[in-house]
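Two complexes are shown next, each including subunit A; its partner changes from subunit B in the first to subunit C in the second.
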Partner chain A sequence: MESNRLQGQQGGRKIVRVCVNIFQHNRVFILLAVFLASLPFWSRAVSRAIGIDLIYVMRMVGVFTIVAVGLNLLMGYAGQVSLGHGAFFGIGAYTSALFTVKVGFPVWLSIIAAVFMAALVGFLVAPVLRLKGHYLAMATLGLGIVAFVFFRELIWLTNGNDGIRSIPKLALPGIKITTRKGEYFFVWIVALIVLALCNNLVRSRVGRAIRALHQSEVAAEAMGIDVSRQKIKIFMLSTALGGLAGGIFAHLQGYISPGTFDVLLSIELVTMVVVGGMESIWGAVAGAGLIIFIPEIIKAVPKWLGEAPKWVERYSLYEGLVFGLILMLTMIFMPSGITKSLSDMIRYRRNPIHNPFRKKVVE
Partner chain B sequence: MATATPELDGGVLLKANGLTKTFGGLAAVKNVSFEVREGMIKAIIGPNGAGKTTLYDILTGIYRPDEGSVLFNNREIVGLPTHEIAALGIARTFQTIRLFTGMTVMENVMVALHRRTSVGMLRSSLRFPSARREENWICKEALGYLEMVGLEMQAQNLAGGLPFGQQRLLEVARALATNPRLLLLDEPASGLNAYETSELGEIIYRIRDMGVTVILVEHDMGLVMRVSNEVMVLDYGEIIASGAPHEVRNDPKVIEAYLGSEVD
Partner chain C sequence: MFGGLLSFTFAVSIGLPLPLALLLAVLATAAIGGITERMVIYPLRNAGVLIAIIATIGASIFYKSLGRIFWPEEAYKVPDFSAGNLPIPRATVSTQFLWVIGLTAVSVVLVYLFFGKTKAGKAMRACSINRQAASLVGINVSRMSFYSFLLAGALGGLAGLVNAPFAKYSIGLFLGIKGFTAAIVGGLGNTFGAVTGGLVIGLLEELIPGFLTVVLGISSGFREAVAAIILILVLLWRPQGILGKGVMEKV
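Our next item is the complex of A and B:
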């Protein structure tokens, strides 16, 4: 009996150890978690001061972090461009919305359905991964456009341009999440789990395989890696994360229409990955944060100035221009993204020999 | 001669039969048949463009031959994808170095252990105990292969930053890490200095002593003559001579085609 209980205890401890292990080994992760947990305590004062509802915006940052991390696995690590990832975000959103509104599934189950639906569609279109470089970029761009047309024209299913209304709010079995703070915590807990798992993944056997095929497909094959299989797997993971984010997004918004999931969304997602930093899990957070906050800051300008200048009112007209410009400037001045450039700068301060800027001049 | 082991009674490991591959009417490899017995070091020589690398690409499944068959360990491998051939036990290095330049030296070798490990996406992302155990094994094993070629001090450096000679050695270590029965080396000594080349000779012996059969495509005749048991000469995609190194060296056809008047 005694030994049995001891074993039980050890088993319990083992489970705890496994759980701790999932999240260990990263300072950035802990800093981020502490920052996010503390945010609700000081957000109200700051929100009032700058005229941006931090909790409200940060929810969206969380949602887009999830897609951006998935896209970064595909683009940054595996080196496979996708200019149509908005499609999977949209598929997730529509799947979860339709399952709750038309079928009557509980919200959590619909979000899971959204994940599987996006992964399934990812699997069905995976043959595009045989294309390389520009061809893949063009094919995925087309994919985004096709999905947009489906959302708009499959009127019997999606209500076309009218969109889907009164989508239920987020809920877990037994818990209804009604407040914005609740939504904020839900979103970020999911996002942090996704971040931790992806961070573990890229440091593992599978992560090494996908980074290897990015650098030389021929060599990766010669090392015994089934390149096309690995590509499909990582693509499906990436689309599944798009679906997860889309599903959550639908329940945060309560209303979705095709206009949200157009080509510009896919471009925004790519911008998040590039600006944040390719091959960087934490870059996805930075990229999503930056891209989501920019329009909010522009919208907040009139509150600072007292009245809205015309260029603020018409922001939506040149939104694409702003993202395009950010993308260009990043590629020119910080091609490895903000997270890597910043960490390089810190390293330079500590040790001037590793001056990243001087290196660039020499090259 | 103190070169290679005299006893070569191993069974036939690789048997190529009538391999032909043409590119737009030009035969890169024409009706090539040969055998490789277990435990030997076989060299393939020939002028540039003689079809040596094409032959390697056929053996590793990158190209499919127009005609012919390749039996590896009594199994037909023509038509199998490259990664399956690698899994069966044929590893190679590349004449134009194809390291994973953005990864560390260590990671390059760790990638090659992919087929010998099995933890998938789910268990790696959750860092299951089995995943960490396997990761420890991968690290230990990878370090072993680096030590074998003398690169253990460079383990954490980026592969792309290594000097040329060490990049070649890393390719060898990476190929060995797949635990092959047959290793195809594609001009491993090109770009190496005399000292590095003699070191390479030692490493090739060590590989053979591990029980790995070696095929060596090489221009450095000194190295070929020193390490190989058997030499096969290709010219314009055809075998023009084959046999023990000293026989081949004195074959008038070979001298004409390849060695030219420099050998006497």
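Our next item is the complex of A and C:
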């Protein structure tokens, strides 16, 4: 009897220990999930107080988190710049929209089709990965422009500038998602699955391989890594995630037009990755959150001021001013991204803001 | 953008004589370039290229909004440098085109001489090839970076103001892509290559969509994609440019 109870106690302790272990290894992930799950309970009060519809904005943050994670795998981990990821986002959106509207596929199936289509296009344009540095950046920027022009000019397929209207709402087999909260949960469940998978990927053999080729392709080749194959694989994964996010985006908006998927979108995506922090899965979440929220906050500021001053009339002009300024200042004072600076602050009690204007002895 | 807008301000709003207004506008854009370098590029000299790119994109968004605030209207009319059209039968060619071509030729020659003959130009080229080696032979790299931004600011301002009588408010990114494509097609670091590349791109951009519309009946809206497609193809097949010599690849 006595020994049995002891064993039971030990078993209990073991379970607790395993739980603590799991928690410690996935701290950020679990905290994020808890935060997201609790958001709908207090969002209404906060939304009213600050004048921003939190659930509505957070849906978009989820969508852009998916692209940003994919782009961070490519840029942060594998070191291959892509200034054309808006194109794959657009390809996903158009594929999913066209499959539902013109072919009549169910929504979940056409989102899957969007993923495969984006990956396929990624595979077809993969030869640009032979280029390096600025050349790769410019070539992918060119790809973005070509895609944008095609969205606009293939009028028989995409309706040109008029865009595609009345795209059906998100749905799973058997479940129709009608409320904003439902969409919010759908987006973030997908995003969390993607985050978990990518978090595992970068700690795996493939993750080490792509980080090795980031450092030196020659050295990676010498260690037996098939560099071009790995690059193509990670590029395709990244474009597939872009397609996934694009597909979901089309069904959230219900209406897409070429203007959404121009070069500025691609630049915004790169900004999310860099501001959030390169080589950091969580950086993508932070970056997407920040870049989506900044314009909303800037828009909400006049509401907080109550009585609108005269200059608020042309207030929209100041949005770009503030956005550009925030972008510059973040890069100057936190060049390794927000997540890195903040985690350094917590872990090493280091000042998160580093002042580059201070003189250093040796460069 | 600032080139055109500032020359408008100096020439029309303040009422300075045109040559003085243009000179002031170029100096002002050079100053803006210099300030940007000191505030944005200099602090990021040890960070990666990508960080610097994002920071400069931030700067360009900032300046664009600033321009919008000071010059809120859609279009401003900068006076032509000289009135009248060229005496060519059955064609209307403004004499402004002569100014554009002439000033382009002068600035190409000046830039060529600067990079090829002067000490500062050679030092700048050394910095672009290898910063560390350049600083080892006694070149002040950060000062060179500052000078190059002054120069780029002045040339950008000049380009803006000679084209101002034709141009719209924001010509934007497509122009940047075309410029880069021209430079790549001609071969980077080759001033005359850039001119050839510019001519080739300009001609192809008019001819290919024309051909597509007339022969195949495809919409001419694909025009904007031509430069981008040429860019990608040239990068993949002849990264040294059409005129450039082959470069040894590190294996």
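Keep in mind that, in the parts below, the second predicted complex is superposed on the first by the 302 of 363 C-alpha atoms of A that agree within 3 Å, B and C clash if a C-alpha of one lies under 4 Å from a C-alpha of the other, contacts with A are read in each partner's own complex, and residues count from 1 in each chain.
Here is the rule we go by: a residue touches a chain if its C-beta (ideal position, glycine included) is under 8 Å from a C-beta of that chain, and two chains touch if they have at least 3 such contacts.
Predicted model, so just to flag it, every value in this text is computed and none were measured.
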item	value
Touching partner for A:Ala219 - first (subunit B), second (subunit C), both, neither	first
Contacts of A:Met75 with subunit B and subunit C, given as first, second, both or neither	second
Touched partner set for A:Val63, first subunit B, second subunit C, both or neither	neither
Partner chain(s) touched by A:Leu244 [first = subunit B, second = subunit C, both, neither]	neither
First, second, both or neither for A:Leu327, with subunit B first and subunit C second	second
Subunit A residues touched - subunit C or subunit B, whichever exceeds	C
Touched partner set for A:Leu131, first subunit B, second subunit C, both or neither	second
Subunit B versus subunit C as contact partner of A:Ile177, first or second or both or neither	neither
On subunit A, positions contacted by subunit B and by subunit C	218
Complex contacts: residues of subunit A adjacent to subunit C	75, 81, 127-128, 130-131, 133-135, 137-139, 141-143, 145-146, 149-150, 152-153, 155, 218, 263, 267, 270-271, 274-275, 278, 314, 317-321, 323-328, 331-332, 335, 356-357, 363
Residue ranges of subunit A in contact with subunit B within the complex	14, 18, 21-22, 197-198, 200-201, 204-209, 211-212, 214-216, 218-227, 233, 237
Footprint of subunit A on subunit C - complex, ascending	39-40, 42-55, 57-66, 68-69, 72, 173-174, 177, 180-181, 184, 219, 221-222, 224-225, 227-229, 231-232, 235-236, 239, 250
In the complex with subunit A, residue positions of subunit B that touch it	60, 62, 81-83, 86-87, 91-92, 94, 98-103, 107, 110-115, 117, 119-121, 124-129, 131-132, 134-135, 138, 174-175, 178
